[in-house]
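A single structure is presented below for examination.
We just call them A, B, C and D in the order they show up, numbering each chain from 1.
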Amino acid sequence: MQRIGVFICWCGSNIAATVDVERVSEAIKSEPGVVFSANYQYMCSENGQQLLRNAIKEYHLTGVVVGSCSPRMHEATFRKAAEAEGLNPYMVEIANIREHCSWIHKDREEATEKAIILVRTAIAKVKLNAPLTAGESPVTKRALVIGGGIAGIQAALDIAEAGFEVDIVEKNPTIGGRMAQLDKTFPTLDCAACILTPKMVDCAQSDKIDILTYSEVEDVKGFVGNFKVKIRRKARFVDETKCTGCKICMDNCPSKKGLNEFNMNLNNRPAIYIPFAQAIPNVAVIDPEQCLKLKSGKCGLCQKKCGVGAIDYTMTDKIIEREYGAIVVATGFRPINIDKFNEYGYSENKDVITSLELERLMNAAGPTNGVLLRPSDNTHPKVITFIQCVGSRDLTDCGKPYCSKICCMYTAKHAMLIREKYPDTEVHVFYIDVRCPGKNYDEFYRRACEQYGVDYIKGMVGKVYNQNGKLMVQGSNLIENEQVTIPSDLVVLATAIEPEPSVRKIATLLTASIDTNNFLTEAHPKLKPVESPTAGVYLAGVCQGPKDIPETVSQASACAAKVIGLLVKDSLKTNPCVAQSDESMCNGCSQCANVCAYGAITYIDKEFRLGGGKTETRRVAYVNPAVCQGCGACTVTCPSGAMDLKGFASKQIMSEVEEICRK
Amino acid sequence: MQEVTEQKKEYVPTIVAFCCNWCSYAGADLAGSSRLTYPANVKIIRVPCSCRVNPMFVLKAFQRGADGVILCGCHPGDCHYVTGNYYTRRRMSLLFSFLNYMGIEKERTRVEWVSAAEGAKFSAVMNDFAKKINELGENKRLQDLRVKEERDE
Amino acid sequence: MKICYYPGCTLKTKAKELDRYARASAAALGVEMEEIENWQCCGAVYPMARDEIATKLSAVRALDYAKAHGGKLLTLCSACHNVIKRTNDDMANDADIRARANNYLKLETPYSGETKVVHYIEMLKNIVGFDNIAKKVVKPLNRKVGAYYGCLLLRPNKVMAFDNPENPTVIEEFIRAIGGTPVAYPFRNECCGAYVSLKNKDLTKRRCNMILESAKEKGAEEIVTACPLCLYNLQKNSDNALPVVYFTELLAEALGVKND
Amino acid sequence: MTKQNQIENITRLSGTDPKKCMKCGKCSGRCPAYKDMDIKPHQFVMYLEKGKIEKLLASKAIWNCLSCMECVERCPRGVAPAGVVEAVRDTVKRAIGGNGIKAEDIPPIVDEFIPQQLLVSAYRKYNK
């Protein structure tokens, strides 16, 4: 027999002014199952809670209804109080008679009647409540960071700083990512390498961080706190533990015609190489597509020259398996392919380059040692024209519909650096809008115009063509309402950025959702910007949306804070309001698994006794309570009615409906 | 005096509103704290996600004599559970057209997207919906007469 | 092999050579161009306004004829190709235009874009094959030729799908196949001034001079085109920086059938 | 026809949605007839969006547009400025006395080489 206690809160005058609390208490007394009904000025106060606890003890209550403010406010308070008195916290229900009643109705009679119905509805529900216990799952105190760019580096450093072990998995031979390719950074113009490489070294020196370069995530199993991850360590053909980074192999390699990816293919590198001087780890790698020994068996020079015997041509890919409590995705971006934007003549003219190529041409460690020379003839360009929004905000099938966010600022940076270093250079910028929101950002752009004399032209370029050795840039000057043609020596395209395509596979492995532009989706656009909808997976950097370095670093640190908050726990309390399948009714149809956004539902073969010693094995749904988030999508999809949601069971909601309709 | 009593007895429709915990229930709370009124015959049931609403619940409401049923969820793309509200949209548009076929007018059922920040919208939606239901009057199409008799007794 | 052929008005009068060399070359390449019956003028320009139906009907008639006679319709003049191909796209993909055009025509079976419209150059590339043409060349060109595409073959690319509209290469491939050296120049896909030459000769002249000078600067000795109007403008509304001929003339020359 | 009807009619004929324009000016950056366009391609879209069609109906540009489709090909937002120009030209020439070329003006400019294609296309473009 149910023994329900009902407590009506006055909330000072917030409720009591419009709702006749006395009448509500009185009306409820006669409800079947109610053994105690009272009202009190402030139920959430110490005394109010004591009243509740005393009643539980005295009347041996099996269920409690509090008519008060929104459950979003004090449900947890009253559940805790009940628990302290030995009542299962999930036997407490709230009737929201403040936000949903007293505050919005003026007529006392009407409001009182509604309050009575709302309390009766809560009673109807609580009668069907079952005690629930939050499960516990252990936490593996180690984090995985996928991607070794600035986002991954920052997240790893912060997690390591808190004392947790963290692995960085990077698919390239070195960490550093895109930031390592940049020359200077906006809006302060400090050199990218100067601020990045110390962080890279910190990663290498940390005893908590394990850097797995030239490696890719192959498989992910498990759930928050308990991920099991397979990592492919690609064959490097150089023993990381032996190589000293002396570069003798590079000097001796006869196959020197490989395209230097780090320099955006603007120059060549040998088949055995270290991507750049400050690479971490400072260990060579052999490009198997280019190496003569690996391709034809002839050569082997590097092995002969290596003083420490680090070269091993027989090396193969290895799969390692590790366990993690949390995962940070920081896979970064790449510039889009602009071959289809033929109006800018990128593929026909060597002197039409992308902004990232310009970064390398301006970089002291780049192919021209930092001297700005145009690729076609290695001369100083005297007139440089920048074109913004190449592929951004473009709905055609060549471009991207979104704003890439960083281009306005880096174009201003490039324009300024060029004018600073080569004051005799004329710099033009075609733009649609200059978008520089951010601290000191618009000021930075204005400096380009006002102090550095960069010519900003509002309008888009229609065509770039070669005439008498000049690149003719023909476009609109919308302010002047003129079509202008600027004979230029170098044209720089502010190319749109897109998520690194490998993110697709990672999203699938993690059941992290991805949007139509391949950006990973955050759990909530405002309130959960670094969480993936998959518990235990966090997002940092451009994989989640276009952003610049300061934003990326902030997001990476935010991820780290979330990871630390998770790893610091010995076990995780799981939300007990999760789906559960009645195995005797489940027909194993897989519909529930199809709608589950979290991959919480798997199928197991279960043996059922049929009587007479016979058994039958059937495939039935199993909901992993640690992964289920409790949305209930599966409960409605289930054709046999086997799936139900604890705490929001079909019977409970039906009884609420009935109670509301009872007149 | 007589007249006033008559008016009081005028039919007051019953409206059931299912609100998802993350957006619309919070939107309703905001409507409350902003003191934005809507009729008292709207009663809210809290569900974790609009996709928790089984068509059975809607049918049950009409069987028990509800005159209008409204579902509120997060805006498409903003669902706390990623895709829940898409299921709601699909399921309910199917259910509502079935109900319409059975004579439960389309205006008696509705799905609305109300975010946690849209208290004003919540109130406006409920006012509008209640007005429409008032105009339509009592729904008798799916009502279980046995239930009605029990009640009248 | 036989293929339905739509010549168009100009090829029967001022652009007879375009047609003649095309037929002679096709015969040498083993293709029989079968002129369709009772064709009417395509209208020379594709009417863009959404309510233009009657002006598209002659194209639909030709397309419907070809549908029943092999399913392909060969075009030669760029303008005819543009009008017929775009009208065909409307008939295939625009339910409103399709319904209204069919209401006018009262065909036994309504036409809905089944015919494949093939330009002569597309035929050379995809049906005959440039490598097969190269094998049949008896008199290689041995000169530098600039291809002039103009607008009509290339745009709108979504419908025409002829070649990359910014950096087309198919006529260059053709020139290479017949032993010439193609010269790519930036204005090969820009408008010659088209019909505006009747109203604003000055505009056309500026356009044509720009095109020819650009080709000359890049080293072309000669320009080829597939369009009688482009040829007329480039020849008669310019300062004649370079000679302009139809591409079929060069083909016939290379195949040794120019005087057939 | 009221002005509002005319705006709606031009929008319908053009087959394009002027609100999609993000005002980048790429169309006008490429237009080969730019110097002869008193109203520029991007302005055609803008004036239609704002309902200022008087300027369009009185423009010389409608007779100088080459229908070369460069602007349509390059628009990053799927707007067709040439479609608007054609819709305005059609609106003008369908009105009484709106023809862009008179029959009696033709013979003097015809030379022996002029292809039919030119006469037909000019007539189609300029006259009812």
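The working rule: a contact is a pair of C-beta atoms (placed from the backbone, for glycine too) under 8 Å apart; a residue touches a chain by one contact, two chains touch by 3 or more.
Computed from a predicted structure; not experimentally measured.
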Counting C-beta pairs in contact for C-D and for A-D, the higher total belongs to C-D
Most remote chain relative to chain C, going by C-alpha centroids?
B
Rounded Å distance between chain B and chain C, as computed from the means of their C-alpha atoms
64
Rounded to the nearest Å, the gap between Cα centres of chain C and chain D is 24
Distance from chain D to chain A - Cα centre to Cα centre, in angstrom:
48
How far is the middle of chain B from the middle of chain D, if each middle is the mean of its Cα atoms, in Å?
53
Two or more other chains touching the same residue: where does that happen in chain C?
165
Chain A: which residues touch two or more other chains?
343, 463
Considering chain B alone, which of its residues make contact with at least two other chains?
none
Pairwise, which chains touch?
A-B, A-C, A-D, C-D
List of chain C residues in touch with chain A within their complex:
164-167, 184, 186-187, 214, 217
Residue numbers on chain A that touch chain C, as the complex places them
341-343, 345, 347-348, 463, 465-468, 472
Mind pulling up the chain A residues that touch chain B in the complex?
70-72, 96, 98-101, 103-107, 110-111, 113-114, 117-118, 121, 513, 521, 523-525, 533, 577, 595, 597, 629-633, 635-637, 645, 648, 650, 653-654, 656-658, 660-663
Chain A touches which residues of chain B in the complex?
14, 16, 25-26, 28-29, 31-33, 35-38, 40, 43-49, 51-57, 60-61, 64-66, 78, 80-84, 87, 91, 123, 151
Spell out the residues on chain A that touch chain D in their complex, using ranges where they run on.
343, 389, 393-396, 399, 432, 458-463, 474-476, 478, 481, 483
